[in-house]
Each structure stands twice: as structure tokens, then as C-alpha cells.
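After the C-alpha cells below, expect a handful of questions from me.
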Amino acid sequence: MMNLNPVLTIALPLILAFTKIMYRRIANLFLIVGSLINIFVVMFLKEGQYLMGGYRPPFGIILQVDTYALYSLLVLNVLFAALMLLVTKKAENLTSSSLIALAALNGLILTGDLFNLFVFLEIATIAALILVSSIKKYHQAFNYMVAGAIGSTFYLLGLGLLYKQYGTLNMARMHELMAASPSGSAVAVILIFIGLAVEIKLMPFSSWAAGVLKNADEWIGPMIGAIYGGVMMIVVGRLFTDIFVMDAKVRLMLSLLTLITLVGGEAAAFQSRKVREVLLYSGVAQAGLEALLILNGYPAIGFILVLSNMTAKYVMFLLAGYMAEEAGGDDFDRLTGVFRSNPVHGFAFTVAGLSLAGLPLFFGFIVKLNLLYNLMLSHSYWLPALILSASLVEGIYMLRMILGLWRLPEGHRGGLQVRILGSSHRRKYAVYTISMVLSLALILFGLAPDNALSIARRARGADTDGKPLVLITMKGGIGQ
Amino acid sequence: MIAYQSIGTALGMALFAWLMQTGLSGVDRKITARIQKRRGPVWYQNFRDVFKLLNKRSVTHGWIFDLGLLIALAGAIGTAMFMPMAGIIPLQGYDNFFMITYLAALGVFGRALSAGASGNPLAAIGVMRGLTQNIGYKLPYMVLVIVLINYYKTSSISGIAALQQVQGWSVLKMPLGVLVAFISLHGMLGKKPFDTYLAPSEVASGPMVEFGGKYLGLLNIAHEIAVFVEISLFVNLFLGGGATLAEFLLKYMAVYLLSSCLGAVMGRLRVEQVVRFYYKVPIGLTILQVLLFTLLYGGVS
Amino acid sequence: MMELLSLSLLFLGIYGLVTKHHILKMIVSLNVMETGLNLFITTLGYQEGQIAPILSSQFPSSALNFVDPLPQSLVLTSIVIGVGTTAVALAYAIKIFKDHGCLDLEKIEGRL
Amino acid sequence: MNWLSLIVSLFLTGIAGYFIARIKPSLGAWIAMAASCAALLLVLLGGDALPGGPAWGLIRFEVTPLGWFFSLLIILVFSTNGIGSLAAKGRQHREPVYTMLYLFALAASLGVFAAENWLALFIFWEIAVWSSTFAIGLGNGRKGSVSYFGMSLLGSLMMLFAILAMGSAYQTFQIREALTTALQNPGPALMVFILMLGSSMVKLGIMPFHIWMPPAYTEAPDEFAPALAGGLSKLGAFTAFLVSAYLPISGFMGGSWRVKGLPALSYGLVLLASASIVFGTLMAIRQEDAKKLLAYSSAANGGYIIIGILMGTSMSVSGALVHLLAHALATTTAFSVLAVIVRQTGTSRMDALGGLAHRMPLTFLAFLTAILSLVGLPPMLGFVSKWLILQSLASQGLFLPAAAVVFGSIGSMLYAFRILSTVFLGQLKPRHRALQESSPGVLLSLAILSGATMGLGVYPSGLIQYTAKIEASLGMSETVQTAGLSIRGINGNLNALLIMGAFLIGMVIAGAIFFKAPRSRKVDLMDTYTAGEFIYSPELYHYGTQFAAPFERIYEKLPSISRVYAALASLTDDLGNLVKYLFFSPMPSRTALWISVVTILLIWGEVL
């Protein structure tokens, strides 16, 4: 078997991004080929540590390919490439930024160095800012930029404090040192968490997400709402599980923040009457839940929750973007019955929504089941009760929205004549295929989730406290 | 298996019920007349009326109109066939209280069906009033009987009557309850002041507005048998039935005539008044009675 | 002392971001904030009495009397990134001005 | 043939049915009908000895007498409804996806009834919930499906919580094992019991949870309402039976104080069910829409079932099972008839109908049996179950619930007569002169349903013997007894055949007098005594609106529980608004402010 170096996943898009400038005409080709090659590279990655520039760790930059990174990369690159296939005229100017974004996101997942992470974070943010500018809501994008800049400042501040205390930037070394003497690092950890909280859309810091995603098109929605959010959460999962050591007090305070996000996000989504608003606020709430799990020692569950939400949100934002474009808006009333004339899209959207709401037959259910089960195993009943209440709210608004989109408007007999993608649309079949494949994947993993669960187990075998992970699988019931 | 003989007894019971009650209602008319200082008809006037009506041509409003009436009469006859009287128990072992109540309700429902099928809104209004009233008097009545059943550990009517012969009448155990049951009985018989659903001047005799000729005749028969069932139930459940037939009949007549006399001297209530009365007085008394009874006789464990 | 001074510069920047609604003022605040941060990180590696970590004819080998060079390199990167961010921000400012004719976010939001 | 393959093939038929119906819409209804009838045949022939089939991971089946009884009930409802809706021309029913959802709901319910473990049960339960949600959504109106789904989700999340609590505490999901283990530990047992019963109550529409029923039944496609009301809402009763059999309250609260021999908790829950009966009856009386009336009556009837289950005696449990069947048959009939009416007249408002019995006599007869069974009058099945329940209430001395049951059955006379009188009796409106008798398919399904209602009502012994078998299989020490044709009660016997005999004798006598007397002349409906008024229009001459006004006036101020839910929803809305206002401002300075505030708070908290 081939054994490819993971740096390719970062370098290749970067090189393409800059060479593209010379070949404007075939920019799209660069984008598609580049992202497809990246999938190919990811498939042939071997787990291990890769040193950059020949320095032994903890010196120099290393790239770390473990199961966690590998499957995150796989999902990220597949989703990204799928989005690139859908690229339209509008996005052609964004080829370079897209490729840079891809490189930065891959780097975020792979890197084993905290400062390197900061660099990738900044590159990703700047790429995102350029991408976001394509929706022409500049003041919203400005809001994003300010929030992002404060966030990264806080991250770097925290990192500086940590460096002062421990004298290293290597993640593995940092973990060793921190585990040995954790005291005094709390302020830095809090600062880093807040820095990243801006990116993962935790609540008091996520106003930018509302501004951007409310107006997102079929391109920005999946990119910012699903891919960026997911990758940032994976980074949080890496940092707050593998590297930082927190005492119970910090954990509690940060969990409180995530809980507020969960409750507030669900309430805001419940109140919304527009498709993309519902999606974005529910995304905020989900981010709260994911962060909560990661912080409280359930990283494996958090991991599959991130991946499953990422996929579902991707499909939904994609279709919501097209719908809003065709119908000239995305209020429920305007879109009533839109799926009647677009049953395939409707099917994909429905599956993704039901999976997100955690209904059986879909992957989301398996995740939610294991999540609650693991919480209950540690004899905590209040947290599951709270999460279930949030799911109740989520299920109601999700179904209300989906049913509204299926229902024929009063007095209409033939169905609403909004074609999500007209027959003339260039990417019609690509959208069909991608949304169908992803939603069928959600069903497939819902019916046979055991592989996905065992990957999660391999990626995040034991919890932070060393508790073994117990999973309910379809095959064998309960198992460790 | 039920012997043919007991079916014969049962049929005889139904026939006797009709004969006796029709005769008694003639007496009732006489008494009412005397109270109102009239002469009144002869005591067998009701027999005359029924035969006369049955021989008259009439109009019908369709097959449901006919069917409902048949159900009404069949329900009444079927109920009477189960009714024990003193030592005479037609269908031994099956004179279950709930069964009799529900079978009697089938007769009531048949009557309502027929009235509704007449197409006359006055009949529908009358039925509605009747059924509303029905909730008012059946509810306390049945709760009281359920208390009795719980106490005597049997729901057989003859069984309850027989136990009262030994342990004393229920009226001594639950005086308030018997008062309520009597008010309910008075309502069931459709006597004033509870005859709002018949109110001739308001709803033109309510459910009966469209009945004439043989329909009225059949309805009359059904009504008399139903009255027999209601009073017999009261006597059996609250007044200890009777050791002998004579004792039973004596109690029967006493109850019936008391009700008639009361009806003769009262005015009619308006429908709201009836409804409010029933949901205040009898139900309140019933709650009190049930509490008292449970304290005195049933153990709260 | 230097740490506190640079941190106060950082807080000054944040204060500007919280209180100002004018886009250019906000960009300036951002820059002030970043400068504060960069100064702070540089001071982290500073050690009293040590010299700049530059190999020269005078100091031909990396002996122990250098200050920590890593924070300085971090800051170098950070400055570059800061420039990028500022550029994007200014580009936004131009776009916003073209769209709305003013740079006061409060007015723009009020108009929307 | 085994249970797994039955369910899988129903699912696959559903998917195939969707694609076939896309090509030829008229075939969809036939596929739904054929598949459900085939399932009926299979379950009937296979009996409760039908093997569960191979285990497919967690999905394992095991056919128990209780599960078989429920399965038969639901397949009967689905297949008769399938036959009945063959001729339906409704738009909603013609949707290709309807066939799929219909069969999915059926297959998932069968999965629930034969599930071996709680997880499989829950998975199928949820599939049934969402497939029926979408089926309701095909109807008209937007409130029904959402409130159905919201309440169902509330119920299923309660159940999920209980399942996982058991699973995490005892490491088992096996239905019986989990519950019996829970019995040993009073703390979790109470929680599990309350949550499980709560979820059943949601499905059955017991009082605080009934709000989904009126909108869902009204807005569901006319062809789906029978399956929903008669079949799917009975899912709740199934888990209630399981839980109260394996985790009886007396088992884990035995020592605490009792009311009338029942543990205080049981008594409280029985009172709740009683309140549901009273409330449901009162609300049913004042409805103007026939479907809403039946919906509230379902809420009331759920109360009888819960009372029967909670009392836990052999007679009461048997009564609950029989009542379940009786109510399923009766509501399916009633909703099928209403579907016919709505298809022809376009309305289910009672005051807009009237006199239909003259246009559709056979349909009327079927409706009459259903209504008589709902009221609980002999010779219908509803009488048998009410008798059993009243018997056990009386012998236990539960006077308050008994009063509720009595009120429910007498009150049901009022609304039952109302629906009969205003829809089928009274004046026929001129615009309804051209109405047709139901199609043969509908009549066939109505004949099966009302035949079952009446047949089992006259000859219930076989049914009672089977409920005795169910009770034995649930591990109850005593089971209800039959002797020959009569059911042996605690303080009295019931021989339904004898009652029918007496009634028939009465009928013969009445008939003899009736036909001996002179023939009567048929007159038009308008040819009636009007007490001197002159009214020429049948529309004005029909008493249909505010039927029981004098009675309704007593409780017109009865608070509506749906207001509580509306308040909850608007509270969530307000919270959402607040969150949006506070945290989602488009101003960067607001974000910067929040970041600083939170940072200061967190660091302050850490330093402290």
C-alpha cells in the first residue's frame, strides 16, 4: 500500500490555490481536481506522527494522524469536495480562497502544535471572510471578522500564558507537563476556550453566525454552517480532551456556558419562522451540546455527534440555500409546499432533519441513544433530562418546518411551482446525487451503525477520566 | 342451562309488570284528579287507551322511527324479564344490577332514536333535556347502588334484597342516600317538577311529539314496563324487597303513590333549574352519604 | 511591568471595540488590541540581562544568554496575520461605504 | 413465515408501493389493502405461536399473547380501513407516499407489539410516530400533525428516559427482565413506572396529554383517521399493560399507605384517569364537529382502559383489554363512516348535516352499532367491557372512579345521541338529497367491524378466555373465569347471549304487536307537528347547533388545558426572542462586550 504524507492534504490545495492564479480559465477544474485528489490522499493516509523539517518532537512542527484525525479528515474532504462539485459561476472567483480554506481546515485537524493551530485558525478565518463576502452582506461579515479577531487574540493570549508556564507549544508535551502540574493554567485554558467558542458558535459569542448564515446561499451555508463549525468542534475535541487538563471548577463553568447555549439556541430556533434561521439556531444549540459532551468527558460520543450533525446540517443548508434562492426568501409561508414539486430534495432534507432531531432509522438516533446512555451510566439524571427536553423542542420545530415544507398551501391543487433547481440548471444532477447520497448514508449508518461506533471507540477509546466507553450497538446490544 | 320454565316465568313477569303498572297508573290518574278536585277517569282507563291507540291508523316517519320504537319496547320487556320480585326470581343468577341498568338504557336509547328519526326538532330538544336530566339522576343513583354492591358483596338484585331481609333495609343504613334515590326515581318516572323534557306547552310533549296511534300505544306499553322496572329496583335495593309478594307489592304501591302525590302538587321546573338542582342537591347529598357510609360501614384501610 | 503595560494596551483595544460603532475606529481598535497582544507575547520571552537571539560574529554560537527566540517568531507570524486581517477589514469598510454611504454601523443597522 | 419477515416485507411493500403508486396512483390503495389483509391472514392463521424469527442485532421478536392480541387488533383496523378506503377519491389518499406511510405505521406497530427488548420497541415506536405524523400531515390543516408529533415526542422521550435508566442501572434491555429487576429497587422503579405510564397516557390521550387528539383526528386525511384513532393510539395501552404487569405499583410501594386496598400512587393515577373520563365526556358534549366529538370521547375511553389496567385485578385487566378492542372497533367504524360523509358532503360539522340515514341506511346501521358500543349498551362489545370494569370498581369499593365511569357512560348517551341525531336523523338538507349509500368496499369493511362488535358482544366467552390467557402469560396469579356462556364476575355473572335472547324475545313481542296493528302511512320528514309555527326550510328545521346548551352552560368556564401548552410554547418563543435580542445582535460591539463580560466572569470565578 502507498503511504502518503499528510502534509500533502495541506500543501496540495495551497499550491493549487496559487498556481490557479495563472490559469484563470480552468479555475473550476483546479478546485474540483484538487479536492478530489485530497480525498484520495486521505484514503491512503497511515496513522502515525509526521515530523516537519526533521526536528524531533517536542521541537518543530509535527502532524498527527490518529483515528480521530483520519476520519475527521475523510468526512471533511468528502463534504468539501462535494461542495466544490456544485460550484457555480458565482463562486469561481472564490477558487483560491476555497482551496486555502481546505488547506487550513486540514491543517487544523492534523497539526500537533498549538501555535501552528493558531496559524491555521487565522488562515481559515481569513479564507472564510473572503468566502462570506460573496453573499454581499458586508456588515455581517465585518461582525464575523471582529468576533473572529477577538477570538484569535484570546486564543493567542492564552497560548502565550501557557507557553510562559510550560515552555512548549507541542501538544503532546503540553499535555504531559500540564497533567503533571495543572495548577495555574486555568486562566489560559479559559481564554483559549473563549477564543475557540467564537468559532464553534457558543452562545454569547455567536451573533456573527446569525448574521452570516441567515443570508447564506447554497455555498456559504454548508461551508460555514456545517463544515467550518464541524471542524472547529473537532479542534475543540482535540484540545480539550487530549491536551488541556481542567479542574472540576473550570469544567463546570465552561459547561454552564454550553448549557446556556443549548437551551437558548433551541428556544431561538423554536421562535424562528425562516428555514435558514431555524437551521442556524439549531446549529448553535447542537454546538452547545457537542461542547458539553467534550468538556465533560464524553469525547467519543461528541465526535460522532459532530460528524453526524455536520452531515445532516450540510444537506439541509445546501437545500435551504437553493430553496431561498429560487423562492426569493425562506420564510415558512413562502416555501409552503415546496417539496411537492421537488420530492427528491424533500426526501433528503427530511431525512437529514429527522436524523438531526434524533429519530430512529437515522444515524442521529443512534448517536443520541449512546449519548444519553453514557450520561446515565454515570448516574446523572438531570443532564439527560435537560438534553431530552431540548430534543423535544428541537423535534417539534424541526417537524413543524419539514411538514410545512411538504404541505400544500390552502387551496392549491397542483403543488407549488417552485423548482428548487430548474431542468436547465447545470448542477441539477449533482445536487440530486449529493443530497441523496448523504441522506442515504444517514439512513445506512442508522440501520447499521456498528462500524461508525467502533470507529468512534477507536478514535476516542477511553474517556478523559479513564472510564471505558460503553456503546449500544445494533448488533450486540451493550458492549465495551 | 336456562330452563324453558324460567323463560316462561320471565315472560310472565313482563306481562304482569305491564298489567299491574298500567292499572296502577290508572289509579294514579284518579288520585291526581282527586287532589285537583276533579272526578278523573276510571282506573282501567289506561287499558282502554292502549287498545284504542293500537287500533288506530297512524303516520310514520320512516323505518328508523319504527325500529327505534321496537328497540324501546324490546329493551323494556327484556329488562322486566330479569326483574326479581319477592321470592320470584325469573332468571336465577343473572339479575345483575349493571346488566339491568344498561339494558334499560338501551330501551331509553331506542326511544330517543325513534324520536330523533321523526325529524321534529322539538323531539330532539326533548330528548336532549331528557338525557341531560338523565345524567343528573342516574349518577347519584348508580353511585349509591355501587356502594351497596360493595357493601353486600353481590350485584345480584335478588341477592341484595335477600340480604336486606336478614341485615335490615338499606334505608336504615343510608337514609340520605334513599332520599337521593327517591328524588332520582321521581325524575326517572318523569313526574313533576322534573318533567321538563315532556313539557307540553314548551316543547309539545318533547320526544313524544310525533307519536300517535299505535306508536303512542307501544310507547305507552314500554313506558309502563320501564316504570315497573325502576320502582322494583328501588324497592329491591333500598326497601328490602319483600319476604312475600304482598309485602313487595305493598312497598311498590306506596312508593309509586307517594311519587304520584308529590307530582300532583308540584309545579314544573325550567330546564336550567332542573339541571342546577340535580347537580347541587342530590350529588352533594350523595357525596355526604358515601362518606358517612364508608366511615360507618366500610373500612378505610 | 512591560506585561501589564502591553495588556492594558490590549484592553484598550477591546474597550474601543465595545464602545465604538464607526468601522474605521473599530479597525484601529483591532490593531491596538493586536499590538498589545504582540507586545505581551514578546515580553514573555524576555529575560533580564540577556541579549537578542541573533547569531553574529560577536556571538557565534547559541549560548544560554539569548532571550527566548520563540515568542518573537510567533509575534512575527502574528503580525503578518494581523496585516491580512486588517486588509480584509479595510476591504469590507470600502464595500460597506459603497453600499450604505456611511461607516457608522449604528446608523447602518438603524436603516436596515 | 415469522414475525421478522412479516415486518420486513411490510416495510418493503411500503417502499415498493410508493414507486408503483407514483406510476399508477390508483394502485396505491390496493397495495395498502392487499398487504394489510395478507398480514391479517398470516397473523390470524399463525396465531400466537408464530415464531419471532432470527435476531437481527438488537431487533429481536418474540410473540406473546398480549402482543398477538394487539397485533390482531391493529391489523384488523388497518385492513378493514384499507378495504374501506379503496374507493376513496380523496386527494390526500391518492398521494403515492400515503401507501408507504400507511404500511410503515402498520409494520412499526407490529414491531412494537412483538419486540423482545425495550430498544427495539422504542425504535419501532418512533417509526410509527413519525410515519403517522407525516400521514396526518397529508391532510388539511397545520396544527394537527405538529401537536400530534409534539405530544408523541414528549411521550417517547419519557419512555426513552425510562428505558435508558433501566438499561444503565441493570445492564439489560430485555422487557421483562428490566422491569422485574427494577421492581427490586424502589427508587428507580417509581421513576420508571411514572415515565412509562406517562408515555402510554400521552398516546392514549389521557387528560393532561389529550390535546393532540382533536386537531389530529380532525385534520388527518379522512382515510387515515380511522387507523389513527382505532389503531395507532392503542400503542400506548400496550406498554401500560407491560409495565403494570411486570412492575406493579404494589410491588415497589407495598409498604406505603393505601386507599381502598390500592397503593396511594395507583389511586392517584386512577383518579387522573377518572378526571380524563369526566373531562373528555364534558368536552365531547359541547363539540360542534363530529370528529372532535369522537376525539374527546377517545380521551374519555382511554380513561377506562387506564383504570382497568391500574386496578390490576383479573377482571379489571380483562375489562381493559376488552374495552380496548371494543373502542378500537367502534372508533374505526365511526371514523370510517365519517370519512364517507366528509367525502360526499365535504364537512364533518354536525349542524351542516342531518337526515343522512335516509340516504345511507346501511352505513347508518353500522354507525349505530359503533355508537351503541361506545355508550356501552348491550348487545355490543362495549357493554361487556364496561360491565367488567364496573364490577371490579364496585367490588374494590373505588367509589370516586366508579362515579366517573358512571358519569362517562351516562354522559356518553348525550353526545352519542347528539351525533346520531344531528348527522343521521332529523331533517335531510335539500343539497344532500343526491347523497349515495357507501360503496361496497366501505360497506364490507363496516360489516366486518360492526359484525365483530356485535358478535363479540353477544358471544364474548372466547374473547374472555383469550384475555385470561394473556393474564396468565403476564404472570397474574388470578385470571378471569368463564363458565359456559357466562363470564363469572366477582359478585355476579354475565351471560351476554341470555341478554340478547331476552332482548330478542322482547323484539318478537313488540314486532308482533306492531305488525298486528294497522299499517301506518309514510309521511315526509317535513310533515310534522310544529306547534303553530310555519317553517318551510329543512335547514332551519334541524336542531343541530349547541345541542346541549342548558348543560353546557354549567361548565362553560371549564379551563382548557391546551392553554397551558400554548403558554409553554409562547414562553419558549419569548425566551427565543430574548436570546436573539441579547446574544444575536448584528453589532460587533455587542459581541465584543459579551466576550469581555463572559471572560471577566469566568476568570473571576476561577480566581475566587
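A, B, C and D are the chain letters, set down in written order, and residue numbers restart from 1 in every chain.
FYI, a contact is a pair of C-beta atoms (placed from the backbone, for glycine too) under 8 Å apart; a residue touches a chain by one contact, two chains touch by 3 or more.
This structure is a prediction, so every number in the text was calculated from the model and none was measured.
S.K.: Suppose chain centres are the mean of their C-alpha atoms. Which chain sits farthest from chain C?
M.R.: Most distant chain from chain C: B.
S.K.: Higher C-beta contact count, A-D or A-C?
M.R.: Answer by contact count: A-D.
S.K.: Averaging over Cα atoms per chain, report the distance between chain A and chain B in Å.
M.R.: Between these chains, centre-to-centre, one finds 76 Å.
S.K.: So how far apart, in whole Å, are chain A and chain D when each is placed at the average of its C-alpha atoms?
M.R.: Result: the chain centres lie 43 Å from each other.
S.K.: Which whole number of Å gives the spacing of the CA centres of chain A and chain C?
M.R.: Once rounded, the distance between the two centres reads 29 Å.
S.K.: In whole angstrom, how far does the Cα centroid of chain B sit from the Cα centroid of chain D?
M.R.: Centre-to-centre distance between chain B and chain D: 35 Å.
S.K.: Which residues belonging to chain C are in contact with no fewer than two other chains?
M.R.: Chain C, residues with two or more chain partners: 14, 17, 26, 105, 109.
S.K.: At which residue positions does chain A touch at least two other chains?
M.R.: 139, 142, 146, 150
S.K.: Touch graph of the chains shown: is it line, ring, star, complete or other?
M.R.: Contact pattern: none of line, ring, star or complete.
S.K.: Quick one: which chain pairs are touching?
M.R.: A-C, A-D, B-D, C-D
S.K.: Please output the residues of chain C touching chain A within their complex, sorted ascending.
M.R.: 10, 14, 17, 23, 26, 30, 33-34, 37, 40-41, 44, 70-71, 74, 77-78, 81, 84-85, 88-89, 91-93, 95-96, 99-100, 105, 108-109
S.K.: Give the list of chain A residues in touch with chain C in this complex.
M.R.: Chain A reaches chain C through residues 115, 118-119, 122-123, 125-126, 129-130, 133, 136, 138-139, 141-142, 145-146, 149-150, 152-153, 156-157, 160, 163-164, 169.
S.K.: In their shared complex, at which residues does chain A touch chain D?
M.R.: Those residues of chain A that touch chain D are 139-140, 142-143, 146-147, 150-151, 154, 186-187, 190-191, 194, 198, 203-208, 210-211, 249-250, 253-254, 257, 263-265, 267-272, 281, 354, 359-361, 365, 369, 372-373, 376-377, 379, 381, 384-385, 388-389, 391-393, 395-396, 399-400, 403-404, 406-407, 410, 413, 450, 472-478.
S.K.: Per the contact definition, I'd like the list of chain D residues that touch chain C in the complex.
M.R.: 586-589, 592-593, 595-596
S.K.: For chain D, which residues are in contact with chain A within the complex?
M.R.: Where chain D meets chain A, its residues are 57-59, 91, 117, 119, 122-124, 126-127, 129-130, 133-134, 137, 140, 142, 145-146, 149-150, 153-154, 157, 160-161, 164-165, 167-169, 171, 173, 569, 572-577, 579-580, 582-588, 590-592, 594-595, 597-599, 602-603, 605-607.
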